[in-house]
Amino acid sequence: MIQEMERDPRVFVYGLGVPDHKAVFGSTAGLAERFGKERCFDTPLSEDAMTGFGLGAALNGMRPIHVHIRVDFMPLAFNQLANMISCCHYASGGQLAAPIVIRGIVGRGWGQGFQHSKSMHATFAHIPGLKVVLPTTAYDAKGLLISAIRDDNPVVFLEHRWLYWQEGEVPEEPYTIPLGEGRILREGSDITVVATSWMNVEAVTAADILGRRGISVEVIDPRTIAPLNDELIIRSVEKTGYCIVADNDWSFCGFSAEVAAQVAAKCFGKLRAPVRRIGFAPTHCPTARHLENEFYPNAEDIIREIEEVLGVEPTDLAGIEFYSHEKRFKGPF
Amino acid sequence: MRELNKELYRKLYLVRRAEEKICVHYPEDDMKTPMHMSFGEEAVVVGVCHALGDAGQVFGTYRSHAAFIAKTEDTDEFFSELYAKETSSLKGKGGSMHLCSPRHGFMGTSAIVASHLSVAAGAAFANKRQKNGKIVAAFFGDGAVDEGVFWESLNAACLMKLPVIFVCEDNGFAVHTPATARRGYASLPRVVSTFDCHVFESDSTDVEVVHALAADALQRMRKEEKPCFMNLKYYRYLEHVGINYDFEAGYRPRNEFEQWYEKDPVRVQRAKLLRLGVGEDELLRIEAEVDAKVSRSVALAQQAPLSHCSEAHNGVFKCDR
Amino acid sequence: MIQEMERDPRVFVYGLGVPDHKAVFGSTAGLAERFGKERCFDTPLSEDAMTGFGLGAALNGMRPIHVHIRVDFMPLAFNQLANMISCCHYASGGQLAAPIVIRGIVGRGWGQGFQHSKSMHATFAHIPGLKVVLPTTAYDAKGLLISAIRDDNPVVFLEHRWLYWQEGEVPEEPYTIPLGEGRILREGSDITVVATSWMNVEAVTAADILGRRGISVEVIDPRTIAPLNDELIIRSVEKTGYCIVADNDWSFCGFSAEVAAQVAAKCFGKLRAPVRRIGFAPTHCPTARHLENEFYPNAEDIIREIEEVLGVEPTDLAGIEFYSHEKRFKGPF
Amino acid sequence: MRELNKELYRKLYLVRRAEEKICVHYPEDDMKTPMHMSFGEEAVVVGVCHALGDAGQVFGTYRSHAAFIAKTEDTDEFFSELYAKETSSLKGKGGSMHLCSPRHGFMGTSAIVASHLSVAAGAAFANKRQKNGKIVAAFFGDGAVDEGVFWESLNAACLMKLPVIFVCEDNGFAVHTPATARRGYASLPRVVSTFDCHVFESDSTDVEVVHALAADALQRMRKEEKPCFMNLKYYRYLEHVGINYDFEAGYRPRNEFEQWYEKDPVRVQRAKLLRLGVGEDELLRIEAEVDAKVSRSVALAQQAPLSHCSEAHNGVFKCDR
């Protein structure tokens, strides 16, 4: 963000807690010091108005980045997203444009619960005119964010809380990754797993484990889910004949339904088994750890699902160390 | 003074005339868009927009015929959009409720009550940062203040000292519900005056009075950078949506209307000009010019082809174009 | 509603314009006169607070019916729906319940445009804990509404503006139609069309027209889309081998995706062609009539789609009188 | 008077003690729930809840340890939920941020700032209709008033004359942002006093003072049926979330805390009781009883089994059970 703010003086960042010492999990650290309160500032707790505020600033030529420390606060701004921001370009006959980036953080773990854990990407993606981006790797996060900032359209940019711990090579200099291009995170030939956000980490783990017994899993991260470019997915499923969608969200009327419907239609006759969908349990997110573990699917679920689809014996997972939040994050919160 | 009053009259008359033309042609069913008419509020809107000037920016509502015309004077654009013609910049995607002409500083309107108020605040923020001296006016009804976002927007604007005027076009009703049935306080201006902004009120239908008030407001805003809130009363002549009277519905009496119509803004201003010594012939000349302009716009709009059907699919994303 | 209000004194109706002389397209006519302002009342324009208000009243044993004259105003109440109403029963360990009905009207026609025409049923259905009902016929509307009022859970009840003109036999006495049961609107054997809300009217018209040339179309109205009971749909597709989903909404991440995904999975190997989806154009709703006609799919689109799927010659539709809004509703609005 | 003060002290001490126990055991990592501690606000919450009595109803926030305990005194339920045990009514689905015990009139809490205010108004509406005389209190922070729904709820409650008390637990900060950086007005009570409701303020840490104020408020509400707004200042001792001090972060100075800690509500009340002639031994007895109660609750919670995993899937719909 620093680089984009230096490049383009129209860019500014705002939102609750943005300039404070916690700096939204460090993601806005140093901005206030560097660019001043004019370009990195706190707001009243007014998600609705502050979203419309961003739209107004964008209409007058600025490029706002609005940060929500949880996606769950974005329903308060849903009117602006659904009725104002998404349609102002279309409805004005192209006279207006809303180059605004809305960053929302997907919470998880340590009792976040049903009001601090939503992802809602399908809800946003359902509305024409919003671009919806879900980065997984650190490299992608930077390149996609820069593209989002430079895009002339509103972009909803959803970052999973746990992905801030992702480590990876991130070049110092600015680079862009085009919105609308997916990425193959792991090449494979036996089955395709399409995953979003944190579920890519689980899917790659599953792929690693199954790879050791010779099952070759291809993991695809669409990265931009709206507008969706599904070529990569379709090509992969044409190759493997099997598809699982592992979405970091509820399944019903979700992004996994969209991918499953498209794959089933476009790979009709080439699919060797029905597309399977893995997502949150159809409940609200409970707060207790042991209940949360029921709520969230993980690498083991993906492995079991793959084994079922391919009709192979269950892998012995005893003794395998899964990625575990517990091991990394100790309370107190 | 006389010149100003003539100019204000010309604008009032232009707004009135354009809406009268709608009433004439609407029953032909070629303007297929719900009409929320401005009859009665011309002084409020013209007074503010004229004070604001060309450089100012305006956000409005689904009831913004008056604001659109007062700010842009572009009746060609106005009618071509109501008729959904190829000649409109909006290509029929907006209609009466979503007029928009940013090149004239008319930044757009919303049919979701109050949803444009925060947008106006954000636009004012950009102007402030860009130090371009532009002032933003947001028009809204007395119903809009029931929405939480009004309070959020007012608060943010006061906090950030944004150059924005919130203009409450107060007709006392939200559709058919009077303010008293919606408000847990006695006086809106009194509530707002506890915020850090300039507050003005008026129930005048004299455009000169409203204009002077708005000019004063602008000057004070320039001197002491703070937002401004204006509560401007008027009477909505017609039904909430549509081109008919609705006194028979029983929620408001006809004599209320008659009292206000006595001081109809267009008539008041015309009488004033005569008093100021402007000749009837000169008034007739102004009116004839406006009539001709409006008639020409209507005719142009009627003759133009409908926008192309492919417009429906264009422009969801900016790069699409 | 009158009958339910007489039966159960805990029921009350509120919302903008509810008691006025227009009475929400007549749907609340007479209630204020009959039950007084205490049980049928107007509100400030505060969709957010008035939704939470309903929840609070429900928690204390009342059964509120909140009416929104357009679904498009419900995004303002989305926080209450997504973060409060949907989860209060679950999150309280069952100590709380929210028996609230939220009626929203889906606008269309005469320049309603992008801010007065949303349906959003997929958005609501995506959230666990909300029941979502979309009646089509007058008979169903009454029976489903009574069930919704008696249900102990929050029910989002979406009525299409045009369906108020639907005529049909409606018994005087109260009756219920269980939430969660679909209905076969037209029996057929060649292809299944699953339709929602107004699209059922279009689908039945299409079925009628194609019926004359011997193509037998089965039209299924799920009525309750969440929780969805898809048995009827699956059984029908197993019989016909073909499926089209005609949803009164955008397709992407919408209800049509869910149905398509489920049908493709559950009828795997029995489907003779990919499931097709018909929905709004992936744009905002334009206001002009001729553009609106591009935006909304209709009976003709359904017919053409069916012909393509079945691989039959296009029907000659010249001279056929389609249902047309124009013919019924003349301006001015 | 003495009895009342003793009772108030017992509740203050119960709240304090329960939170102290959290601090002891939280580092063991068995309570896996984000803790927004109430230290410092005990007088505010106990004063209001005690005045409200058993019949009253309370809605709270993610920072409602104090409110839960003051209203319910059910430390068994409290700790069993923090430990997510089978013995909790919530079965671990709620945790610290979503405490709820409707049978005690503690109607629930929300971690979406301000989202419970309208719910409280609706609950008050039902009470009014049912003529059961219950009064609802909604606790919220000074940050909550930034949200539009606060204004919508206040307006609706004033309009409908609902028996609800809005209690602003004013610690001057929303996380780390001071009120002055969020407000476009000088005084919240002044703004609210332009609405049709009773307004009270206090910055006392003396629970007796807060209790008297709340009792007065309730009486006035009963006499003249109107909602009530109370702005009650206190100082948040710890970081926004968690069990540590955070003065080194730089957004507020330690000496502020020290000044407030001089008049710590628990200490103030204890000293008062001694002044009133309550013997040290009696105080020790009260404290010992509370200590035992809290320790027992903690032990019970620790020993109980975790709630069953199937709970995760239960209860999305009411008929599911």
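Every chain is named by a letter (A, B, C and D) in the order it is written, and numbering of its residues begins at 1.
Following the convention adopted for this analysis, contacts are C-beta pairs under 8 Å (C-beta built on N, C-alpha and C of every residue); 3 or more make two chains touch, one makes a residue touch a chain.
Since this is a predicted model, take the numbers as computed values, not measurements.
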Co-neighbours of subunit B and subunit C resolve to A, D
Please report how many Å separate the Cα centroid of subunit B from that of subunit D, as a whole number. 47
I'd like the Å distance between the centres of subunit A and subunit C, where a centre is the mean of that chain's Cα atoms. 30
Distance from the mean Cα position of subunit D to that of subunit A, given in whole angstrom: 36
Distance between chain centroids, defined by C-alpha means - subunit A, subunit B (Å): 42
For subunit D, residues contacting two or more additional chains: 91, 93-94, 98, 110, 112, 146-149, 152, 155-156, 159, 181-183, 311, 316
Counting only residues that touch at least 2 other chains, which ones in subunit C make the list? 43-44, 46, 48-49, 72, 76, 79, 83, 90-91, 113-115, 128-129, 282-284, 286
Line, ring, star, complete or other: which one describes how these chains touch? complete
What part of subunit D is in contact with subunit C in the complex they form? 57, 88-91, 93-94, 98, 100-103, 107-108, 110, 112, 115-127, 129-130, 148-149, 152-153, 155-156, 159, 311, 314-319, 321
Residues on subunit C engaged by subunit D in the complex (per definition of touch): 12, 38, 43-44, 46, 48-62, 64, 79-80, 83-84, 88-97, 128-129, 131, 152-153, 227
Within the complex, which stretch of subunit B touches subunit D? 146-152, 154-160, 181-187, 190-191, 194-197
Subunit C to subunit B touching residues, read off their complex: 16-17, 20-22, 42-49, 72-73, 76, 110-116, 281-284, 286-295, 330-333
Which residues of subunit A touch subunit C once you look at their complex with the stated criterion? 48, 72, 75-76, 78-79, 81-83, 86-87, 90-91, 113-115, 118, 120, 122-123, 125-129, 226, 228, 250, 252-258, 260-261, 264-266, 268, 271, 273-277, 282-284, 286
